[in-house]
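For reference, chains read A, B, C and D in written order, and residue numbers begin at 1 within each chain.
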Amino acid sequence: MSDTGPADTRRRISLRTTRMEAFSDGVFAIAATLLVLDLTVPAVTSKDVGHQLAEEWPTYLAYLVSFATIGNAWLGHSVITEYLDRADPILLRLNLALLFFVSVLPFPTHMLAEYVSNEGAERIAVTVYGLNLLAISAFIAIIWHYALWQRLVTKDNTEDDVRALTKKLDPSLASYAVVIGLGLWQPKVAVVLYFIIALFMIIPFRAVLQEARRRRRS
Amino acid sequence: MSDTGPADTRRRISLRTTRMEAFSDGVFAIAATLLVLDLTVPAVTSKDVGHQLAEEWPTYLAYLVSFATIGNAWLGHSVITEYLDRADPILLRLNLALLFFVSVLPFPTHMLAEYVSNEGAERIAVTVYGLNLLAISAFIAIIWHYALWQRLVTKDNTEDDVRALTKKLDPSLASYAVVIGLGLWQPKVAVVLYFIIALFMIIPFRAVLQEARRRRRS
Amino acid sequence: MSDTGPADTRRRISLRTTRMEAFSDGVFAIAATLLVLDLTVPAVTSKDVGHQLAEEWPTYLAYLVSFATIGNAWLGHSVITEYLDRADPILLRLNLALLFFVSVLPFPTHMLAEYVSNEGAERIAVTVYGLNLLAISAFIAIIWHYALWQRLVTKDNTEDDVRALTKKLDPSLASYAVVIGLGLWQPKVAVVLYFIIALFMIIPFRAVLQEARRRRRS
Amino acid sequence: MSDTGPADTRRRISLRTTRMEAFSDGVFAIAATLLVLDLTVPAVTSKDVGHQLAEEWPTYLAYLVSFATIGNAWLGHSVITEYLDRADPILLRLNLALLFFVSVLPFPTHMLAEYVSNEGAERIAVTVYGLNLLAISAFIAIIWHYALWQRLVTKDNTEDDVRALTKKLDPSLASYAVVIGLGLWQPKVAVVLYFIIALFMIIPFRAVLQEARRRRRS
C-alpha cells in the first residue's frame, strides 16, 4: 500500500508535465498558424497585382518576425521542459501567463501590418508589438529561473546549461528593451531589429557547441 | 492467453484516458487562442489611434476574463485527470459537454465586446456570458463528482483532495449564480466580478498548501 | 542484432498509431472549435437584440448538430484506435479521407445557417450537409471494416465488439441515406432528424451494457 | 550517479522527439483545417445558388490540392519520425522551416481561389502556390537527408527505406519544378497537375510493396 502511494504520485506528477506540454504545444501551434489569417489577398483592380503584393512587404515581414518569435519561444520552452523533472502549481500558472502572451501575438502583428503607413499609429503598434515580444521572452526566463529555484529540474549537467540558457535569455531581454525605446523614434528600424533578434535567438550556437561536446565525450 | 486479455484491456483503458486528454487539450488550446480573432484593430482615422485603442477596454477585459476562465477550466481538468485511473463512456460524453461549453465561449465573449455600449443588449450579452462561465464550472464539478461516484479515481489521498477541490468548485458555482443575477441590474460590475472570480480560482491556494504538506512529509 | 530489429519495428509501428491519433485529435478538436466562428453576433439596431438572437435559431441548431457529429466521430474513432494494434499505410490514407470530411464540415454548416431563409438554396445546403455527415459515418465504418479485414486489431473480445460497433454504424448510415432523400422535400425536418441521429449515436447504449458485463465478470 | 546521467539524457532526447512530433502534428492539423475558412458561401441572390456553387470549382479544387499536399507532408513527416532515433537542434530548426511553409499554405490557396478569373493575377498566384508546394516537399527531403547524414535514424532496414523514400521525394521535387515553369504559360493546367502530383504521392506504392514483403517474411 505504501509502495503504490509514491508510484501513483510519480505517475500523476509526470502526467501533469505531459499535459502542460500538450496544452502548450497546442497554443504554440495554433498561434503560429493563425497568423496566416492576417495575410490578406489584395483585390484584383486595374493596378498590377504583382506590384500590389510587393507593397504589402511590411505585412509579410511582421508575419515572419511573429512566426520566428513563436518558433523561438517553443524551442526555449522545449529546452526547459527537457530538463523539467516535475511541474508544480505555480509553474503551471506561470506557463499559462506565457501562453497568454503567445496567443495574443497575432493581435499586435495585425496592428503592425495595418498601421505601417501611418506614422503616429505605427509608433504605437511597434511599441505594443515590442512589449509583447519582450513579455514572451521574459516569461520564458521567469519559468526557467523559477524551475531552477524550486529545484524542479533534473540534476545532471544543470550547471552548464543554466549558464548557456542564461547567456541567450538575458541579452535578448536587454536588446528587446533597447529596441522598444528605439522604436518610439524609428519604428521601421525596430521591426527589422526584432527580426535580427529572432534570427540570433533561433540560430543554435549553444546547441551546436553542446552537441560537439557530447560527441567528443561518447 | 488469459494473461494477455487483462493486459490488453488495461492498455486500451489507459489509451482512452490519453485520447480524452489529447482531444480536450486541443479544444482548450484552440478556444483560448481563437479569442484573439475578436480583438479588432481600429481603422486609422483622423482620430488619435492611442485614444481609440484605450476606448476598446471592454473588448480587452472580456478577452482577459475568457482566457483566464479557459485556463482555469484547463487547470481543473488537469487536476481531475491527474487522479483519474480510467475513463468510462459516460465520462467521455460528460467531457464532450464540457468541451462544447469551452469551445462556444468565444461567441458570448464577442457578443459582450460588441454590445458593451448598448444598455439593453449589454444585459443580454452579460447574462449569456455568465451562463456560459457557469456551465463550464458546473461541468468540471459534474465530471469530478461522477468520477468519484463511479470510483474512476486512484485511491491514495483522495479524501483530502475531494474536500480541497470541492472547496473551490462549490463556492465558484455559487458566486457565478449570484453574479448572473446581479448582471441583470449592473452588467458592467458583473464583468469585473467575473474577472475577480477567475483570479480567485486561478490563484493556487490549495496547491500551495498541498505542496507545503508534501514537502514536510518527504 | 536480430533482437533489436523486431523491437525497433514494434516501436515504429506503435509510434505510427500514436501519430495518427495525435493528428486526428488535432483535426477533430480544431474542426469542432472553428464552428464557433460561424456564430455571428447580430448588429445592434433599433430592433430588440433578444428577438434578433432568437431568430438565429437555425444557426444555433446547425452548430449543435455539427458539434455533436464531430464529437460522435471522435468517439467512434477512439473506439477503433482502442482496438487497433497497428496502423498500415492504407489505413493512414483512409484516416486522412475521414479527416478531410471532418475538417470540411464547417463549410456546409455555414451554408445551412446562411440559406435557411431561402427555400431553393436551403434544399441544396441541407443535401450537401447530409452528404457530409454520411461521408463521416461511412469512413468511420470503412476504417473499422478495413482494420478488421486486415487483422490490425487486437484479438480479445473482438467478436462481441464487432457486432456492437456494427449495430450502431450500419443503422446510422441507413438513416442518413433516408434523411438525405427526405431533405429534398422537407429540408427543415431533415436538420431536426440529423440532430436526433447524432443524439442516438452519442448515447452510449453499447458501452453501458459492456461496462455492466465487465463489472459482473470482475 | 554516472548511471542516471545517460538514462536522463536518453529520457530528454526522446522527449525532444515527442515534442517535435506534437508541435508538428498541431501545425499540420491546424493548417489543414484552417483551409476551410477560405471556402466562402455565395450570397443568396436572384441567381440560382446551385449554379453559383458550381462556378466556385477552382476554390474547391485549390482546397483539395492544399489538403492533399498537407496530408501528404504529414505522411512523409511521420515516415521520417518513424525512423528517427533522436532530434538534434539543427533538425528542430529545419522542422520549424518546414512548418513555416505548411502554415503559410492557406495564403496562396486563398490567392489562387481569388485570382482564378484574372489572367495576369492567376499567373502570379499559381507561381507562388507552386513555389510553396515545392518548398514543403524540399524541406521534407532536406530533413530526411539531414537525419541520414547525421545518423539520427535507427539502423535496421535503413538501406531499403532510404532508396524507397528517395524514389518518391526526388521525382516529386523535379515535377514541381517543371510544373512551376509550365504554370507561367498554362496556369489552370498547372493546378490540375499539382493535384495529380499530390495523388501520385499519396498513393502508397512503396508501403504496399513493403507490407507485402513484410508479410512474406513472417
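Note that contacts are C-beta pairs under 8 Å (C-beta built on N, C-alpha and C of every residue); 3 or more make two chains touch, one makes a residue touch a chain.
Since the model is a prediction, treat every value here as computed from it, not as a measurement.
Asker: Are the interface residues of chain C and chain D largely the same numbers on each copy, more than half shared, or largely different?
Answerer: Shared-number fraction below one half, so different.
Asker: Which chain's centre, taken as the mean of its Cα atoms, is farthest from the centre of chain D?
Answerer: When every chain centre is compared against chain D, the largest gap points to B.
Asker: What whole-Å value do you get for the distance between chain C and chain D if each is reduced to the mean of its CA atoms?
Answerer: Centres of chain C and chain D (C-alpha means) sit 25 Å apart.
Asker: Taking each chain's centre as its mean C-alpha position, how far apart are chain B and chain D in Å?
Answerer: Centres of chain B and chain D (C-alpha means) sit 35 Å apart.
Asker: Find every residue in chain D that makes contact with two or more other chains and list them.
Answerer: As it turns out, chain D has residues touching two or more other chains at 22, 26, 29-30, 34, 37.
Asker: Could you pull out which chain A residues touch chain B in their complex?
Answerer: Within the complex, chain A contacts chain B at residues 4-5, 8-9, 12, 15-16, 19-20, 22-23, 26-27, 29-31, 34, 37, 88-90, 92-93, 96, 99-100, 103-104, 106-107, 110-111, 114-115, 117-118, 120-121, 124.
Asker: Can you list the residues on chain A that touch chain D in the complex?
Answerer: The touching residues are 21-22, 25-26, 28-30, 32-37, 39, 41, 43-44, 48-50, 53, 63, 67, 71, 74-75, 78, 81-83, 154, 156-157, 202-204, 207-208, 211.
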